[in-house]
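Next up: the structures, one after another.
The same chain A turns up in both complexes below, where it pairs with chain B and then with chain C.
And now, the complex of A and B:
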């Protein structure tokens, strides 16, 4: 029932990133100077430059669930989609007299996250109680790390891209203010028809929840009043909510209005944010040290006590050694090893399983990396997206694609034929590209005499086009190539046809 | 039989002089006869008899679990007991039956102890008289003792007037009364600012507050987590050591318990005190201390000195800030700990269903008494963002100074501190309630509460009877985790002073289940 939280920050503003039940929380703040995303871009292009230009500052509090077998402060299990309230210990239910016990696995996950995000990992961190009354918070407080969190001052570099358009120059760095371990609250299920709220104390709700803090100001002037859009549970809604909120604040201010420091919710259906008005606002959480948890002490190779029981201590250096290759390193390696574009390396890593797919294909094919990446990113990924499939659900194996690319590379088939085989492979699982090519007779015509005869016949049938070419209109050659290809059922290599035609037309 | 020490009764059980069932039934009868003391909130008769029956089978097979097998004990009603209502003497938890045992309760049961029931207290242990719970005040058994009655006759009071009954002190008054009236052999209390030592002093018992972190708090419904410890009430020091031996040690469910090995808590007989250094904190000589109490304190110091111990005056300069500092820290944690009582999941819920917020408000107004509500309000005030640094942070700093005072004194060579436990002997209920709970708590915890801030072990040892014929106890304070050494000194002191046994003639006369033989046994007990 807890997770780390991540907080990121940029100039001026700091919020923290939050992990929740078994949850860590991280906080980012990302100013978008002078530039407002998507629909808000109009506002950034006010006729008079300077004075009426707007800049937005965005801070994110990201609640991410730690992948662990049991909750942050109790021994009860964490299982996705478990029946409501089936994984609730006495502590989770906040029965009087129960005490929190910190889950070592969650601490390790938070340390690893901190290291991956270039944070300073605090050797000593503290737990605090954050108080508020809410039905899904049975203790009346949440255990978090307000004063001295487990990791601070990190950064994450990312590339900016909208859809498939990646610009290699748009590399940005977001600052991370802190990563903190935080207990998850329960889950409220509102039954509007019966005016009831049902509470699920399993608490392993979503894997990701983001609160976005947004403000706008004129560059060079003090930062504006911020609002907090809470409980965004997808990247898409997060982007929409931020865009909407920036636009709303700009319009409000331009109309002489004021921005209130308030909590807002994102209406997914209407695509707008609305004031929550109820509890939050300027609530005082009355933070207090959690007296039942001693300070969390982490060690490194140097400070590790000699006689320490490895089960009782967390060693930062040990975790650092086990840190998997970070995405930025992987991307650099891909660019260097295969000579692919940096933006392509982002796509390979952002899609779950795509990198492994690509690497398997590369191992089994002679085709050039650039060709392979083209096939994977445009054709293969396109098919997956169209059908809303994950890479792991693809009916096409990397070996099949490798074989297909090999056949294409050795000119056994033409590019259009290869695309046809690809389509067939998608439909008919279990067949190899070779089988499909044989069944559908898709091999390229390799016999020079046969090809020359076909070309000759085409030229004989199209005297007008032949005249045009002879009169200097070279474009018509392409038309003739097309006619020849149709005549071969697409089984002729266009380059070779061109050679033959040019020879015959001389 | 009921007045025996743990070791004696354990031997009697082993030798078959008494069976666990007989022992349990005797205790249950006495509980009924002394119901007017209001020591128990819940008597778990059926469960106790079943436990006694099982114990009896074990003895028959020669497979007794431990030194406590078959021995009746009682537990303060702020420890969770599986299947037995646990109320904290509050409307808020009336009817609440926990599904689990507190670690200390489980440890007693694992030793074969027979749990007779749950004892009375101030609501959520907030008080120093055991007068402020919803089940009414606890009466001090000494009110009915021969010693007290005779003194009252001498001073021309009407000995039989019932309105003169005395308080037990608190907040573990129910446990103190239960042990003092021989209804059980040992009882658990809790001690946050003196709640075990204070009633022990007023009821003539040994009351041990172990070092913070030595005994698990898991299942103890908290008052102030950073100061609470389970306390032990017994009729002699050896008994307290035996129970401590059962309870002490790391609990994976309580992260604040020590990971180091603890015990054993077997007490050697101290023959030579010449190597002991006893500290007498001068700041404890407050004007409110009764002259009689002060005289006993001096006498105790002289006793140590006369037997060769070094007795030195020491200074704990921040003592006077202890009360106000405690007030801030205690109420802040109370405000936080009481937040879970919202009427949703367990305990009391009001009938208001306009909104969740209205339900919370009405439930908490109905469920808590004025004392609890007052502390919640104060605590929330101290925790407000604008007040936090001025109150909470400052109080934490003062707490550190108070703790350092003790460290300095112990580092200077002092082994044990000797202080009064209470300002005076027990006062009549009607006298006690003239002041409000807050004033009384502030006064009565004066000698005991700074020990909780420092997390040190301390024990009340009964010394003598006052001019009124009532118990007077002194407090011994040791350095952290020196519980065994502290109890060894306490045992020496106990041996020296020979505190008289309570003579409960009136109680016994009114108790038809007692045979003449037992009456004699009861009143002629050595201790």
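And now, the complex of A and C:
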């Protein structure tokens, strides 16, 4: 047990954690002035006429597993899909006499997360024990950071999407109350046939888990009693559960009932929350300082002890310098560098590997960024999504696409022809765009003489239309252009055809 | 929303706000004779935040039951409860110390260096040895006794010892 996790508590604003949105929605509730808004198909949102308006407050507890080789307090491996209990050390099994030993990498990860989320990193933080009894917690307590966590008071700014289009129509900021390091529990499987529970202390499942705390109140009045909704294992259900719980609390209170400070679970099939409260009454975690771990002291460039062992010292400034470029900065840079729209930058960053793909294409093509973006975000991404592929699984390489766009840009082929070539390239038969164009004879007809000949031939075949044009009917010209295009097998640029025809019709 | 160290309002430890008025700045012992132990005397106040009757005569039966559920201990009989009360009184001696303006220690280790381990895999792969500790296993899983059994209610037990 004891895979390391970071826990972020976000009080105040309601939002949904979304790190790979395809069609993104952000759920939000504004405590002032009043109306609860959410994207829900549940009972009517409008309060009764004359009734007080309601405001909902939602806090999310996010448990995120740290990407490390070993666990937070022991040297056991952290990995998926290992045989049950095969990764467990004596400490993880809570054998008497074992002690926690803090993993340096986890501390660095927590500091990095705190910095990325604009938190104040506490140079001194403390570890506590949180006691409760459950079969997957053999020690009877979990080591966490309740009193004085490693980072506090941060914020995250994000944009909302509207409908299916990711167009940031509004920017919102959510507060981060704190970030703390804590142990994860083991995994329990319920064997219903034999009415028993099976415990695997390797680690709990899921790299990301969210619990939602929900309460409602009238604007201007004190906050209401909150409930905690657990067992939420997808963004969609998180949103549904919060929606439902807000409505449930409003209805309960409007009917004169009370909200109990309890834990609820979300029933996915019924789309509602149900009480998980057992008969034992309120949980008391009996927090106490972890006696086996001294305070965690972090340093910065100023406070760094001179003769310190670098292995034993975590330097906040050193970590800050090594923070990767944060998404908002990257997006701003892309917009400036390539002149693309902000919403494009969101999509580029939200799809794994897409940004790299785009940048590789840009390096190898003369085409304008705006045109490239169009191809990448609509055609390329469309093909991927239809076939449920990741960028890394694309049969088309960025170089191929770059070559294709170059040919299009230098008017060797028309746009419809380019799309045809794209389709061919997707079949991944090892041909280059150039080869496909030659094989399928998709080159634009560039030869002026040849074009003039074809136009002449068409005009000769359609004397009535020629007469109509000479009599002043301009619309017929378009018809003639269409005929010429068909005669060229779609390989002539309509603009040029028009020029030639107009000259010949004089 | 509730904040603070414990999620529950009861707190067995003496709280500074309980200091008797008329003795500002100094939380003296609240009763005569520290650590005198024994139960039943109604003249002294027990040093914990509880109801008035609890301050006089010790934790109530409901309190005992609550503690038993929280900690999964069984005070079992009059002697056990008496020991609990003695423990509370013993801890009450802390109130003899004036801690105004003094920050509490995190632990007695707090001036030591917290050792940081490198992120290497050095343990594990001892499932067999660990599983041998368990009375029941199923294919390399531990099988615990049925978890979180509801304790029998007060009325279902024998007469509850009263202090």
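The working rule: the second predicted complex is superposed on the first by the 371 of 506 C-alpha atoms of A that agree within 3 Å, B and C clash if a C-alpha of one lies under 4 Å from a C-alpha of the other, contacts with A are read in each partner's own complex, and residues count from 1 in each chain.
We adopt the following convention: a residue touches a chain if its C-beta (ideal position, glycine included) is under 8 Å from a C-beta of that chain, and two chains touch if they have at least 3 such contacts.
These figures come from a predicted structure and were not determined experimentally.
By the touch criterion stated above, A:141 is placed in contact with chain B alone, chain C being left untouched.
Of the two partner chains placed by the overlay, neither chain B nor chain C lies in contact with A:330. In the superposition on chain A, contact of A:85 is made with chain C only, not with chain B. By the touch criterion defined above, A:291 lies against chain B and chain C together after alignment on the C-alpha atoms of chain A. By the touch criterion defined above, A:312 reaches both chain B and chain C. Legend: residue contacts after superposition of the two complexes on their common chain; A:133 is shown touching both chain B and chain C. Put simply, more of the residues of chain A are touched by C, taking chain B and chain C as the two choices. In the superposition on chain A, contact of A:97 is made with chain B only, not with chain C.
By the touch criterion stated above, A:107 is placed in contact with chain C alone, chain B being left untouched. Where the contact sets of chain A with chain B and with chain C meet, they give residues 90, 93, 95, 101-102, 133, 135, 197, 199, 284, 286-287, 291-294, 312. On the side of chain A, the complex with chain C involves touching residues 11, 68-70, 74-77, 83-91, 93, 95, 101-107, 126, 133-135, 146-147, 189, 191, 195-201, 215, 223, 226, 278-287, 289-297, 311-312, 314.
For chain A in complex with chain B, the touching residues are 90, 93-102, 129, 131, 133, 135, 138-141, 197, 199, 284, 286-288, 291-294, 312. Residues of chain B touching chain A in their complex: 79-80, 86, 88, 93, 96, 98-100, 102, 217-222, 224-226, 252-256, 259, 332-333, 335-336, 338-342, 344-346, 356-357, 360, 380, 383-385, 388, 392.
Against chain A, the residues of chain C that register as touching in their complex are 1, 5-8, 66, 69-72, 106-127, 130-131, 133, 138-144, 146-148, 150-151.
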